[in-house]
Amino acid sequence: MSALDLVQLNLLSPPILCFLLGILATLVKSDLRIPESIYQALSIYLLLSIGIKGGAAIMASEGSAFLLPMGVAVLLTGLMPLWTYPVLRYLGRLSVVDAGAVAAHYASVSVVTFLAATTFLQALGEPYEGFLPALVALMEVPGIVVALLLVQRISGKSAPLLDSVKTVLAGKSVFLLLGGLLVGIIGGERGLLKVEPFFVAPFYGVLCIFLLEMGMVASRRFEDFGKVGPFLVVFGFLMPIIHALIGIYAGFLCGMTRGGSFVLGTLVASASYIAAPATIRLALPEANPGYYLTAALAITFPFNLTIGIPLYYALSGLFFS
Amino acid sequence: MEPLPGMEKLKRVTIVAESVVSERIQEDVLRLGAKGYTTTHAEGRGSRGVRASEWEGHNVKLETIVTPEVAGKILKYMEDKYFQHFAVIAYTIDVEVIRAKKYR
Amino acid sequence: MSALDLVQLNLLSPPILCFLLGILATLVKSDLRIPESIYQALSIYLLLSIGIKGGAAIMASEGSAFLLPMGVAVLLTGLMPLWTYPVLRYLGRLSVVDAGAVAAHYASVSVVTFLAATTFLQALGEPYEGFLPALVALMEVPGIVVALLLVQRISGKSAPLLDSVKTVLAGKSVFLLLGGLLVGIIGGERGLLKVEPFFVAPFYGVLCIFLLEMGMVASRRFEDFGKVGPFLVVFGFLMPIIHALIGIYAGFLCGMTRGGSFVLGTLVASASYIAAPATIRLALPEANPGYYLTAALAITFPFNLTIGIPLYYALSGLFFS
Amino acid sequence: MSALDLVQLNLLSPPILCFLLGILATLVKSDLRIPESIYQALSIYLLLSIGIKGGAAIMASEGSAFLLPMGVAVLLTGLMPLWTYPVLRYLGRLSVVDAGAVAAHYASVSVVTFLAATTFLQALGEPYEGFLPALVALMEVPGIVVALLLVQRISGKSAPLLDSVKTVLAGKSVFLLLGGLLVGIIGGERGLLKVEPFFVAPFYGVLCIFLLEMGMVASRRFEDFGKVGPFLVVFGFLMPIIHALIGIYAGFLCGMTRGGSFVLGTLVASASYIAAPATIRLALPEANPGYYLTAALAITFPFNLTIGIPLYYALSGLFFS
Amino acid sequence: MEPLPGMEKLKRVTIVAESVVSERIQEDVLRLGAKGYTTTHAEGRGSRGVRASEWEGHNVKLETIVTPEVAGKILKYMEDKYFQHFAVIAYTIDVEVIRAKKYR
Amino acid sequence: MEPLPGMEKLKRVTIVAESVVSERIQEDVLRLGAKGYTTTHAEGRGSRGVRASEWEGHNVKLETIVTPEVAGKILKYMEDKYFQHFAVIAYTIDVEVIRAKKYR
């Protein structure tokens, strides 16, 4: 498949079309709104569903093939602030807290980007490891913690780190992912079977509605591009590509399939706009959400969803061929 | 306007805050002496603009009826603790209540 | 099938039973309420789903068989104010704006009435053209615009017509229908397949809950019958029958199936209570919603849903036999 | 199957796991919240779905096999206050209104406990009568009315009993159950078929989300254990076991299957926390919700859901073997 | 503070009540002379704690603009009818309106 | 009642409007000089009765803290532009705020 075919395959899938429709809704000033409670219900559904499927897949997988990739993914995610922070601080000239805050977001992951990546693989008919949803849960937290530690180290003031770790672990997104994992692991294949018509079959349709809303949310922030300055815009487009390459290569080294390595790469490339913002807002209140949210939500997220995913898949061909 | 017969004057403190800090503020308010409060979901526009994220929900408006002393304490605390970094506003209104001892 | 059998077939289907249950809820003063956000979520689901299915059906249909019926449907809808306005103004003695407002509602369409008509055909096992959902999207707007133009002409004052057209096009109901159409057309059969377990399979169940709410909404306005005067009540029952005959005949002339012509007739017979009220409220604020909403929502809508649909189907037998 | 196997089978099913997850969410102080409107939508879905399935099952059942069990169930439920009231009043030393209020709750039923019982039977592969959902609807009301009558008799003041009966009958939970029954009876098998992908297939998944919320709701009240005193805590654990035995035996005498008798027993053992509290709050405002809600919701409900169900099933072996 | 020119002073009565009684209170308020009211969903904490049940929803906040006489009647009625057994609070605030006759 | 020390008096304008016009009113309010506002979903009863439609949602309540001059302008504008044809009410309340310059 040519690069253009890949882009097209991605852009023309209903979830991504709905994302673009959401952007259009903002552009034509439609009065369409997804009520807040519905947005929350959809999130709860998606997170729990990912967790349960991941858990059931772990139980179904033979041996412990998932341990190495998991360890590597967690490590990678934990290390990311070590290079993103300096880039942001010294190349981007952000303040200590702002650099730390942005680093935290890029060192965590975006659940919806993950879903878009797996949707893409399914359309392509390319297989991937079933335990990947478990990765999402594990990759959300470490990078945030490391970034906070870094800021604490550098600025010298003792932020309430333990509090932050508790906040992020008990925060609803991580709680639902891990909780779903538990339900999936304990309930196993048999449990999954009973709830399959709810948690599995309608999943992609629900994702469509969710992405419709995400399109509106992201595009409402497009106008903030000007405020964040050119550096952060470039960062938001380039950094994910570099991260994707690192992630794909890591997957390759762990012996994962091409599909799995591509998903891992996309996860590494993605920036959190759910777990991270909530945690950072409380742990580093002096950091400007105008920087970290705009970069993660209005630049990197739409980029990954539309161009990034087919690009990373094409790039994964460099390692697998 | 004269107070209605049998009623006493108290203060109602209103706080509008981004949701990420709303549960904390609820605890703060009780700790500072309020005997209760009422909250509603709210949205809003102000000078600071951006919030944590949509996933956190919008603003929460909290209203609590208290004595002037407690009102003063709450406003002071909001100013010290939240005004600088969080999207929070606070103000007071004079109210008249029956059975004021419920709020003391 | 006898006329009575048809009425029974319609009334005893779960969606219509739920509509009646909603009316009952109001009558016995139940505290049952469908939360506003749920009502909005159900609407979004239904509209998007209709659009996507219509779009995919257009792509699946061979040739351009849908062009003629579409053109005719749009034309018909655009012409409707030309006779409903004078009837309302001179027979009904409504003011210029009130007559224009009511005409706008009857010259647009009701999405839920459309759904009830197709449900009925499915219960009957009668086939119909797959592109019909696209018709719904196209028939919502023109009649409203023409009615507004008419009022502007007659009253001499220049209403902000362009604004109104924008309002109705960017309005959530039209936006979702057209947006869904686009997603369906671009995503095609293959896209539909992925979202089928969400957007297609549970559709009739969702419609049940929606109609439960509509029953409550409509019956809460039953008491306004007295306020609108006898003319509008008669109008609300008779006009749809005349319109249905026109619509069925138009379908017949276009070479549509009996099922398709019946659906077209039902669409023409239906009155909008979603896109039209929102637009009219802003464009003609001096018009009394007590007239147009009561007629469209509390008279014509329940009539079509219960008696109208089997009646129109029986009437379609006059042309097809 | 050993008793332990039964407990495990129950605890490890996804709905119960989600209930435990909800308790965990409260314990770790997660900020997870199910929005109120979603909770209400899920309830409406579950109640309507139970009703429709029950109604369709009644139509499908041959003869009038359901009449005897129904009559017995209603009678049993109506008699319950006659022994629970004295126990609460004289052993528990509650005031007249408090004893009456608690008695009313235990003489009504919990819909979700019913669902958990049938989920359990399905996991076990044990058959049960299809008309059982109809029982739920019928067993909600009589016990509440009798308890109110009793209080009225004893306290001598004439409570607005007719009002209360109207409140509970038009109350949303009873209205939806009975309304669903009607839709199911009138629409029959054929109607059910159309709405099956919405009302039947995803049911257990929806139940998971609902129980996640119920876990949070129940556990938020755990701290009230202290306030209700030791008697009510013991009552909340022991009374259900006695009631379960009575119910199972009654089912046995009516010639029901083991599965059906077990479900009847579980229903009798369950305490209402939906229809009863709303009615009692208005009819006996001086009764302390701290007693009746804590007992029904924070003690008996979690007990039945986790230990009670496998226990009652094991106990049903005493009669059937 | 002086009233703005052309405006008249009236009372706004605010009632926060557990949802189980909110529809009744809406009827009461109109019967006692209010010409309208506005309600919002609310949650809250107070001295009484427990409510009927989650299934009933949380609190409802009702605000109605009325003459001082009607305000007095409403507060009296709330006190007599609801304060003892239900989770209900009520208070008044002075407001200034244009076209006061809408509220009389 | 005396203002709390260090606080300044301002006006809070409250507008309850049928949802179909609420976004317009939000823009109006900012254009007329308000520096921010807070909105909540509301339902209500009044003299006019019917609204556009359920699909549009119910009412929106908007509260904005402004100087007396801006308050006067907003009320005047509401009266001229909305009162006749739309279900809209507006009134003011005296409030006390810290750091009044945020609202000027």
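Per-chain numbering from 1; labels A, B, C, D, E and F assigned in written order.
Following the convention adopted for this analysis, a residue touches a chain if its C-beta (ideal position, glycine included) is under 8 Å from a C-beta of that chain, and two chains touch if they have at least 3 such contacts.
Given the structure is predicted, the values throughout are model-derived calculations rather than measurements.
Participant: By label order, what chains touch chain A and chain E together?
Facilitator: Touching chain A and chain E alike, sorted by label: B, D.
Participant: Looking at C-F and C-D, which one has the bigger number of contacting C-beta pairs?
Facilitator: C-D
Participant: Could you please state the distance in Å, as a whole number, between where the Cα atoms of chain A are centred and where those of chain B are centred?
Facilitator: Centre-to-centre distance between chain A and chain B: 36 Å.
Participant: Mind checking the centre-to-centre distance between chain D and chain F? Centres are C-alpha means, answer in whole Å.
Facilitator: Centre separation, chain D to chain F: 47 Å.
Participant: Starting from the mean Cα coordinates of chain C and chain E, work out the distance between those two points in Å.
Facilitator: Averaging C-alpha atoms per chain gives centres 40 Å apart.
Participant: In chain C, what residues contact two or more other chains?
Facilitator: 31, 35-38, 40, 197, 201-202
Participant: Two or more other chains in contact with one residue: find those residues in chain B.
Facilitator: In chain B, residues 40-41, 93-94 touch at least two other chains, as defined above.
Participant: Would you please name all pairs of chains that touch?
Facilitator: Here the touching pairs of chains are A-B, A-C, A-D, B-E, B-F, C-D, C-F, D-E, E-F.
Participant: Considering only the defined contacts, which chain D positions touch chain A in the complex?
Facilitator: 12-14, 17-18, 21, 24-25, 28-38, 119, 122-123, 197, 201-206, 208-209, 212
Participant: Within the complex, which stretch of chain D touches chain E?
Facilitator: Contact set of chain D toward chain E: 36, 39-40, 43, 173, 217, 224, 273-274, 277-278, 280-282, 285-286, 288-290, 293, 297.
Participant: Which stretch or stretches of chain E touch chain D in the complex?
Facilitator: Answer in residue numbers: 18, 20-21, 41, 49-58, 84-86.
Participant: Along chain F, where are the residues that touch chain E in the complex?
Facilitator: By the definition above, chain F touches chain E via 9, 11, 14, 16, 40-47, 59, 61, 68, 71-72, 75, 79, 83, 89-94.
Participant: So in the complex, the part of chain B that touches chain E is made up of which residues?
Facilitator: Residues of chain B touching chain E: 1, 4-5, 7, 10, 12, 26, 30, 35-41, 65, 93-99, 102.
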